[in-house]
Structure formats: C-alpha cells, structure tokens
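Okay, so subunit A shows up in both of these, paired with subunit B first and subunit C after.
Up next is the complex of A and B:
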C-alpha cells in the first residue's frame, strides 16, 4: 500500500510564487467556466466582455487602474503590517475613516484652491486611518490584545459611524431621502491623468515603491522582519518591539486611510455607504498573494482591479457581478494550493502496517 | 411602550439570539480545536441561500435545513483542507471563504430574489405552555431552530467539558503535540471541528431564510456572521457565557428596529455599534487578566500542526 505525503523542501522553490499565482488565476478562470456553463451562460462571450472591458481599451485601462489604487494601497497596508507578522484586518474600516476625514476637510475648506485643499484632504485621510489603527496597535503592544479581532471589530464601528453620518448630520438635503453626503466641490476632486484615470494612480505607485524600498532595503525594514520572525531575537538585538508594533500599525492604518482619501476625491466624489468597496478585505487577499511583499502587491492589485472592473461589466449580459467576487476568492485558493508545492514536495511512501506515519 | 410591543421585542431577542448563538457555537468549536474561521459570514449566506432554494424546490423545510447544513459543512471543509492540511494562513483562507460564500450565494440566489418561500419552519406549539402570558409568546412560540440552538449549546458544553472527545478537541487547540502523542489525529479532529462549525453556521443561515425573513436577498446575513465571531470572544470561548452574550446582542438587534416605537431618541445605527465595542472591551479585559492567569483563548489558534516539525 502506498500513500502520498508532503515533504518540506530545504529551500522554497525560486520564482515559485508568481507561478502559483498564475496557476491560481488559471484554476479560477476554469472554475468560472464551469460555473457559467452550469448556470446556462456562454462563457466565451462573458470572458471576452470581461477582458475587453478591463484591459481592452484605454478607457478600460483607466477604470482598471483606478480600481487598482485602493486595492494596491489596502494590500500595501496589510503587507507592511504582515512583514512584521501583524494582521491588519481593519483596512476596510481605515479606508472609511480616511474617506470621512477627507470629506470633513473638504467641508471645512469649501472654496479653497485645489493645490491647498487636496493635499490637506489626503493628509487628513492618512491621519484618520492611522488613528483608527493606533488603538489596536497600542493594545497589542501594551497588553498583548490580538490585533486580528480588534481591527476586525473596528471595521464595523467605522462603517456604523459612516452610516450615521450619511443618514443624519451629513445627509445631502437634495438626495431625495437616499443616504448620501453632498457631492464634493470641483476643487476637492483629484485631477485626471488620462481619460477617467486620476492622479491617485501616481500617488499610489509612489507610496508602494517607497514602502517597497524601506521594507526590503533599509535597516528599519530588516528589523521589522527580524521582529516578525522572532520576538526573542529582536529583543536580544535591542529592537524595541512595542514601539515597532505601534509604529507599524499606525503606518499600515495611514496607508489604508490614504486609499480612502484618494477613493473619495478621485472616484466616488461623495461619501456613500460603499465608498470602501470591500477593498480593505480584498487587500488582505492581495497582500497574501504577494507574500506580503510591496513589489508583488502592485502587480496583484492590477489583476484584481481588472477582474473587478470586468465583473461589473458582465452584469449587462445578465450575469451576476458576484462572479468577480467568486473569481477573486478562487484565485487565492488556487494559488495557495499551488503554493504548497513551493515549500513541499510530494513523495510516495510505503504505508506501514500499523499507525502508518512518516 | 405597550405590553404587546414589549413581548414582540423580547420574542425577537430570543430568535435573533438563537441565530447568533448557532453560528457562534460553530465558530467556538472550530476555534477550540485551534482553527480560526473568519468565513462565518460567507458560510451563513451560503446556508441561507441553500436552505431557501431547497425549500423552494422540495417544499420540505427540514430537508432544506439538512441540505443547507451538509453543503456548508463541505464548504467549510475548503477552509479546513487549506489551513489544516495545506498549512495556509487561517486569516486569509477564512476571509476568502467569506468572499466565496457571499459570491456563490449571490450567484445562485439571483433567481430566488423576490420569491415567496417554498416552505417555512413554522413555530412550535407547546400546547398550554404557549398560552402562558408573557412567557408563552417569548419562549414557547418560537421556531424549532431556537430549541435546536439551546440543545446544541448544552450538548457542546457537555461534550467539551465532560467527554474524552471534548478533551481531545480542546487539546488540539491548546497543545496539539500532546493530543498527537495520546494517539489522536490532530488533523482529523481539526477537520471535523471546522466542518461542524460550517454545518452550524449553515443552520443559522437556513434559520434566517426559513423562519425569520422567509425570503432571500443579497446581503441578507447583514454582518450577523461577524457578530457571531465577536460573540465567541465576548463569551470567552465558553458556551454558557456565549448564550448570555447571544441574548444581549440579539436584544440589541431587536431593539434597533424598535427604538422609535419606544419613543427613544437615539440613532439605531449608533446602537448597532455596541456589540463590537463591547467585544473589544471584553477582549481588553481578557488580555489584561491573561497576564495573571491562563488565557481564555485557545493557545494554538492560528497555528499549523505538522507532526514532523514538532
């Protein structure tokens, strides 16, 4: 009798992760075909639309890039925390906090010129996200409170705060009863880069590149990884763990907050319930696929952006936009499944007579 | 505030509480075995849509409940296989499960939106008990799922504390290598715990569409899966305390839609923040106390167990 067991490789496969990601993508697209056929759709027609509407024209690219911005920043936020072994599950709430802060500055600064107002809005959005993440950071550093749960809970708190604002104090009097904040003034909107793509694309790219540099190329980033892999080693090396935890959570929250500010000022133009668009949660998947590396985050965010834009476009063909949600989750599961073989190899061994184990 | 609206409010407290409790006990079992599953919201949605669709096609509510539980148990096992066998990060896999569950339920539920239910789980008539003023309508005119939730809570409490299965399960979450040495398979225990958790989240979902809303729409679970995750912590991983928490959180959900009728001038939206803030508060207290005594949280939660790396 033979059985298959997973044996850990001495070294993870080089270049394994991009390959796993591609396998995940292919697996997801194949599973998508099954799903579409089973529900009586024509998969070729739908995939063609999905492709054309997300990367088939400059207009499509503009939409995809705009979506990749909050995805990439949220992914970066998770990755920065993740490089120290911390889980920031609160990017969704931090995006909302950032958007709310930016909207608040836009209200205060009514009539100010764009070159003054927009930077102030974005700074406020960073502060908003950082503020929301600082609580879990301090609680983790000082009393060891699990940051997964606190950041998760604060998502719901931030969402309720936003709902309260748009149902009450910030409700647009001309919204005919809909819970919407008033539209931003023109001065508060990010200028366009090309077509509908806005300057947030450049900002996000620079922020990701900056953090990519400091995480992988500076002593600070190295200390982060040491602290993440072994608290004891870090203490021995004289790295202040508590300070690092708080700093990293504040930075992570600030990055997610910026995503909210850019999303408000560049895309949604007003505070609505869906302003965070699930980017905070998708960002976790993006960061995981990028193995918590900022450089990978940009690439994965772009592909997820395309899948999301494509998903919205196929609604007109009578397919639920949920196909895009399903595809995103399947990409991750496919990639994790394939990724196992980066770290493990399959070996067939003879089963022992009793209690067969390796 | 009159008597009828007060009774209505308390009765809703019990039914919402039972819904949260079912999903919470499922998550508790999974976490006790060492597997955090953040897929509850997705599993609940999938259970809700499966139950509703099966009821629509068979007109048999019990079959609908059963199928919903089996489907979500299998669905949760995706998380089980990825985290327990393949060693994926529990947080990431669980969140992806939520994505997948919400996506699949929206996809397959699309045709059922706006449909009247094919069958519902009607309230149990306890005869004379149901006629007792106050107590009758609040406790004895409920959906069978309420009594199922109570049964599941008692059974879980008994199994966890009084039986060797429960000991092995808790061991898998506290000290996996010890359980392995004792001759149990950590992998099998964890897989079974995750599947059971999925079945209970699915039961909560089916309860929603077969008894409470009796319809399906996108986002029908409305974040209740997240409240169930919070409830596990609020209850400090104990079924008894979680039951108190479930009634408290259920009460807040029931109160939310009734604030205006009760003439209270407070935003129902801000009220719905309370469960999450309370959970953070409880977590802080647990963490502060954990400095002096063993933590309430399973110590190996989130960790992969590999025998050869013991």
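Up next is the complex of A and C:
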C-alpha cells in the first residue's frame, strides 16, 4: 500500500505563485464541470456568465471591486491581529459598529458638505470598530481572557444594538413597517470612481498597502511578528506584549469599523440588518488564504470578490445557490490553495503494514 | 516482592530512530511483577521514547516487547491497554468541565452506564489505594495533585496491571510527592507493576525497588536493587560520556570579576523556591561549569540571570552595573550573551526568517526613525553566518529548515556578535551531533581566551570537566560544592550532585 504525503521543499519555488494560481484555477474549473453537469447545467454557458459578470466588463469590474473593499478590509483586520497570533473573530460586529457610528454622524451632520461629512463619518466608523475591539484587547492583555470568545460574543451585542435601532429610534417612517433606517442624504454618500465603483476602493487599497508596509518594514511590525511567532522569544528579546496586544486589537477593530463605514456610505446607503453582509466572517477566510500576511490580503480579496459576484450572477441562470456556493469554494481554494505546492511537494510513501499481536 | 518474582515487562534491545536522531539504541528494560521500578536518565536519554514504545504510542524499529512472558506488537495505546498497560502522562489528558467519574469513563465504554454505579466503583478503587477523591467533583476544581490521582484512577479502573508514570512528581509539591509514593506502594502490593520515570534521585531511593538507568538511548545499568546502591552511584551513571573532541584549553590567569551574583533567590513555575541564596562570581577569562541533576534549579538560575524570571532576593551585577531588575534587552546591551536551554521557541522564533532571527537582539540599532533598514539587517545576518560558519538556505526563508547544529550556531553566533563580557550558556551542546558539539565548545573556549566570563550549565559531565576552570555542583537550588576539574573524581562529583555537602 502506498499513500501520498506532503513533504516540505528544501527551498520554495521562486516565482511559482502565478503558475500555481493558474494551475489551481484550471483544476478547480475542471472539477466544477463535473459538478455542473451532474446538476444538469451547461458548463460552458455557466462559465461564460461567471467570467463576464465578474471581470468581463467595466461594469462587472465595478461590482467586483466594490465587493473586494469590505472583504479586503475585514481580511486585513484579521491579518493584522493574526500577525501577532491574535484571533479577531469579531470583525462582523466591528463592521456593524462602524456602520452605525457613520450613520449617526450622517444624522448629526445633515446638510454638511461632503468633503467635511464623509471624512468625519469614516473616522467615526474607525472609532466604532476600535471601541468594540478594545474591550477584548484589554481583557486579553491584562487578565488573559481569550480574545476569540470575547470578540465572537461582541458580534451579537453589535447586532442586537443595530436591530434595536432599526426597529426603534432610527426606523424610517416611510418604510411601511420594514425595519430599515432612512436612506443617507446624497452628501453622505461616497463619490463614484467609475461606473458603480466608489472611492472606497482607493481608500481600502491605501489602507491595506499602509499596513502591509508597516508590518513588513518597521521595527514595530518586526516586534509584532516576533510576538506572533513565540511569546517567550518576544520576552527574551525585551518586547513587552501587553501594550502591543491592546494596540493591535484596537487597530484591527478600527480597520473592520472602516469597512463598515465604507460599506454604508458607498454601497448600502442605509442601515439594514444585513449591512455587514457576512464580510466579517469572510474576512477570516481572506486572511487565512493570505497566510495572515497583510500584504497578501488585497489580491485574495479581489479574487474572492470576483468569485462572489460571479457566483451570484449564475444563480439567475437557474443554478441553485448551494451549487453556486460549492463552485465558489472550489475556485477559491483551487486558485489560492494551490500555492501550498510552492512550499511542499507530493511524495508517495509506503504505508506501514498492519497486523495483530503475534 | 521476592527476587524470583516473574517478569511483568521485558523490553529487549529496542531501537527507535527519528529523522536525525537515534532515540533508543539497544535499550533494555526488565521489570518484575509487583515492584516499583524506576527508569532514570537525563533529558534526551531516551526514557520517554522507551515508555512510548511500551505503551503503544510508537512502534520500535527493532527489538521485542514481552508482557508477562508473551511477545506483543502494539499498534496503538488502546492495544497496550488491552494487554493491561496504562500510562499517566506528564500533561494530564482530562476534560476540565467533566466530573472525575466522567473523565474516568470517557472513551472506555460503548454501553450506556449508570452514573451512580460508576461513581461507586471509582470511590471503591480510590479507597482501596488511598487516593482520596470525590468522584462527583468537576476536574477544573481540582489541584494538580488531585488531577494526577484521577489519571491514576483512570488506569486502575481500566484494569491496568502495569502503570507507567512519566515524571509524576514534576507537578507535585514535596508533600504530595510523598503521598504519591505511598499510593504507588499500595498499588504494587496489590500485585500490579509500576514503572516510575524520574530524574529526582531521592524519590527513586525512597519509593522504588529497582532502577534502570538510560544514557544516550542505551541501558547503562539494568535492574539495580535500590537498597544496594546510593544516590551518588545513580547520579554518576546518569551523566557523562559523550564523545569529546574539544581539548582542554591551557591555563590562564583569570582577570577581574565580570558577573557577580549575591544571595540570588527565585521561584519555579509552581512558585516554590527554586534557587536559594546563591552566591557566584565569574571572572574575565574563565569558564565556570555548573553540574547537577536536572531540576535542581539550574534552569531557573539561568533564567533569573538573563532576566526572564523575576528575582525574589539578591543582586546580579555585570562588570559593576546592577542589573537585578533590568529587562533582558538591557542586560544584553550591558554585555550579557544568553544561550537559553530552549533554542526554538525562546532563543529563536520558529516562523521567522534567518535574518529576522539574527537581528532579534539588536534590531533597535538597525532603525532609521521607525523603519528597519533591511539592508543593514541582511548585512548583520550575513556577518554572523560567515563568522560562525552557519550553513543556511536563503536567509529570507524561515529557520524551520535549518538543522539543530546550525540553529545553535546561529543562536550562539547572535549572542556572541554583541561582543559580550559575560556568556551564559545553558545546555549549549545538548542534542547536537559531534560536529555541532565541537563547533559550539570551541566557540566558548575562544570567548574565554578573549577574556569573556563564561557560565556553562550542562548535563554532560565530560563536557564540564573538559571546559571548566572551576566546577560547581548545584543541588536543590544551592551550590553545594566546588571542584577543581583537573583533579576532581567522578565519584565525588556524583556524591555532591546527590546532595553531599562540603563539610561532610
């Protein structure tokens, strides 16, 4: 009997990333053909739509980019915490907190000009997310409370607060009973870049680039990586952990909060229950696929966004949402997961023989 | 117990190889039924591997496992348990939110069983062996000693006839350890067999009937009757004898005092005193060796000097500068190079690259405002690699791919790159191959020649005898005796390691 095992390469393949991406994508699409044929669809038609709707036109690109913004920022939030070995599972709630804060500023600043109002909204959204994440950060640093649990639970707190607002004080009188907040005024909406793509694309790109740079190039980022690799090594090198844990959690929450502010002001235009769109949880996948490296988040988020947009579009051709979701997962993991072969190679080894006691 | 009791366990000529390491090289263990048998050896001697083979976790490459005279070939711990072998691991395997009884049943029964029935059964076994415990209490409420009792009960309830305990007293207070000794005696008197892994000699002589000593994966003394040997003999058997390549450096007159330790006290991980009122002065150009059976405070002493463990009393000075409360980085700047016992995970960060690890001590000097200058970092790393002969792959790749010897060269090189006045090296050659051992020993000798004060903590007595200018023996957190390595007798050093004082 033989079995396959992954063996670490002595040296990783240089420049293997684009190649593994393409090969992984092709393999995933081939596997997808089986799935589509089995579920009674024409794979060529579906793949054509998948491609055209996500990257086939400038309109498609606008949709993809708009989706990549919250995915990328949420992924960055998780990855910044992850570089230090912390898990921020609360990006979903922090996005909600950011959106609520931005909406609140939009209410206060009714009638203010865009160049004043929008920056204030975005700053408020950062503060909202940061505030929600600061509690878990302090609890972790001071008394060692596991941040996974606390950030996860605060998602629920943020969601309940939002539900109360849209069922109560913020409910739009013209919504005919639906739990919706009123539409934002035009001044509170992010200007468009091209088509439906908004300026959030630029902001998100700059923020991701900034943190990618900070983590890889500064002494502070270096300390972060040491602490993430081993707390004992960090103490040995004289790096104090407690302050850093709080700072990192606050930054992580702030980034997620910004995603909420941009999503509100750029895409959803009002507070509704689904304003966070599950991006906070998707962000964990984005960060994991980017191997917790802030610099890798943008590319992963772009692919993720394109796959999501395409996956929604093929549902109009009669593909069920579950088949579409499987297809999305196949493409995502095929294209990005194949990167593992840059570091590992497959090797077949003999299986140990089994037998009873003699 | 009689001397002609049948053999319960026979492990004959066991070999077990792991990539790059031979953990067992023909180890043999014979244990008589109804006895408590100690397996002794320093860290890395192959005790744990041998016990894992006995309990079915590993399969031996060569050799035989016989239980009650019958040959077995275990594939898993449950195979071994079916033959009556139960193991109490060092880290407990209990579910904190479950009760004692629930933990004991967990994984052992496919049937639905009455809770009250199990609780009664557990209580009965507990009473029989003097393991006072309430089976209805959740495990998270229990102390470490009580949790250990649950682990022992677990094996007894599963009808284990052979109990293996892996360093059971490491987590216990001295009073709890005495209590454990009584429980083990009752278990042995019930006709069961206990294998007791330890490196605490006084426990071995107090609890055990026979002892087997392992060194370097081989059995060096088999089934010694504990009443016929003393602690010094056992200590002498445990340490020593690795191939020595480096030669004793010529005598040189030591210079002024570089490292001064006055009345040092510190606590271990359980907040019990580990080092008590320790005084030590190391002069420029001398190597002072610390010998001792592991677990006698050497590790804690090193960590306290390096600033990784709070000092509860006393004073540490390096060339006149008081560093008692200074953080580790300040000590490095003041001239202390520290090679910690745990290379990966303390001295080196496993997921970071070679360069990132090389600059760990000095990255603050490679800054330009808030930025790390990567060019300087790379140059610094290349300098260490060249000067200390570290063989690496690409330096922007994680260090995980480096061999043990090269990891240690990188670590030692980094610590010496700051031109220290004092080098504190804890087990610097442990687990290295012959070449690596020589490289590291030669580096320490070179430092001494250049006038650095070296404090060397080692479990390898030959290494200490060759390298040290003075040899101190540590026992229970104190320095009990000083030897001149050129004239000292191995037996006397063994006696001191077992706690014999200067005066006697």
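One rule holds for everything that comes next: the second predicted complex is superposed on the first by the 285 of 358 C-alpha atoms of A that agree within 3 Å, B and C clash if a C-alpha of one lies under 4 Å from a C-alpha of the other, contacts with A are read in each partner's own complex, and residues count from 1 in each chain.
Everything that follows uses one rule, which is that a contact is a pair of C-beta atoms (placed from the backbone, for glycine too) under 8 Å apart; a residue touches a chain by one contact, two chains touch by 3 or more.
The structure displayed is predicted, hence computed values, not measured ones.
By the document's definition of touching, neither partner reaches A:42: not subunit B, not subunit C. In the superposition on chain A, contact of A:217 is made with subunit C only, not with subunit B.
When the shared chain is aligned, no partner comes close enough to touch A:52: not subunit B, not subunit C. When both complexes are overlaid on chain A, the residue A:322 reaches subunit B alone and has no touch with subunit C. In the overlay built on the shared chain, the residue A:345 is in contact with neither subunit B nor subunit C. In the superposed model, more residues of subunit A are touched by B than by the other of subunit B and subunit C. With both structures placed on the common chain, the touch criterion links A:229 to subunit C but leaves subunit B unconnected. Of the two partner chains, subunit B is the only one touched by A:336; subunit C is not. Touched by subunit B in one complex and by subunit C in the other are residues 8, 357-358 of subunit A.
Taken in their complex, subunit A has these residues touching subunit B: 8, 35, 39, 87, 89, 139, 143-146, 148-150, 152-154, 156-157, 160-161, 163-164, 167-168, 281-282, 284-285, 288, 320, 322-326, 328-330, 332-333, 336-337, 340, 343, 357-358. Interface of subunit C with subunit A (complex): residues 59, 71-75, 79, 83, 306, 308, 327-330, 332, 338, 340, 342, 345-352, 356, 359-361, 363-364, 367, 370-372, 374, 393-394, 397, 400-401. On the side of subunit B, the complex with subunit A involves touching residues 36, 38, 78, 82, 86-89, 91-93, 95-100, 102-108, 110, 223, 226, 229-230, 233, 267, 269-270, 272-273, 276-277, 279-280, 283-284, 287-288, 290-291, 297, 306-309. The residues of subunit A lying in touch with subunit C in their complex are 8, 10-12, 217-222, 225-226, 228-230, 232-238, 352, 354-358.
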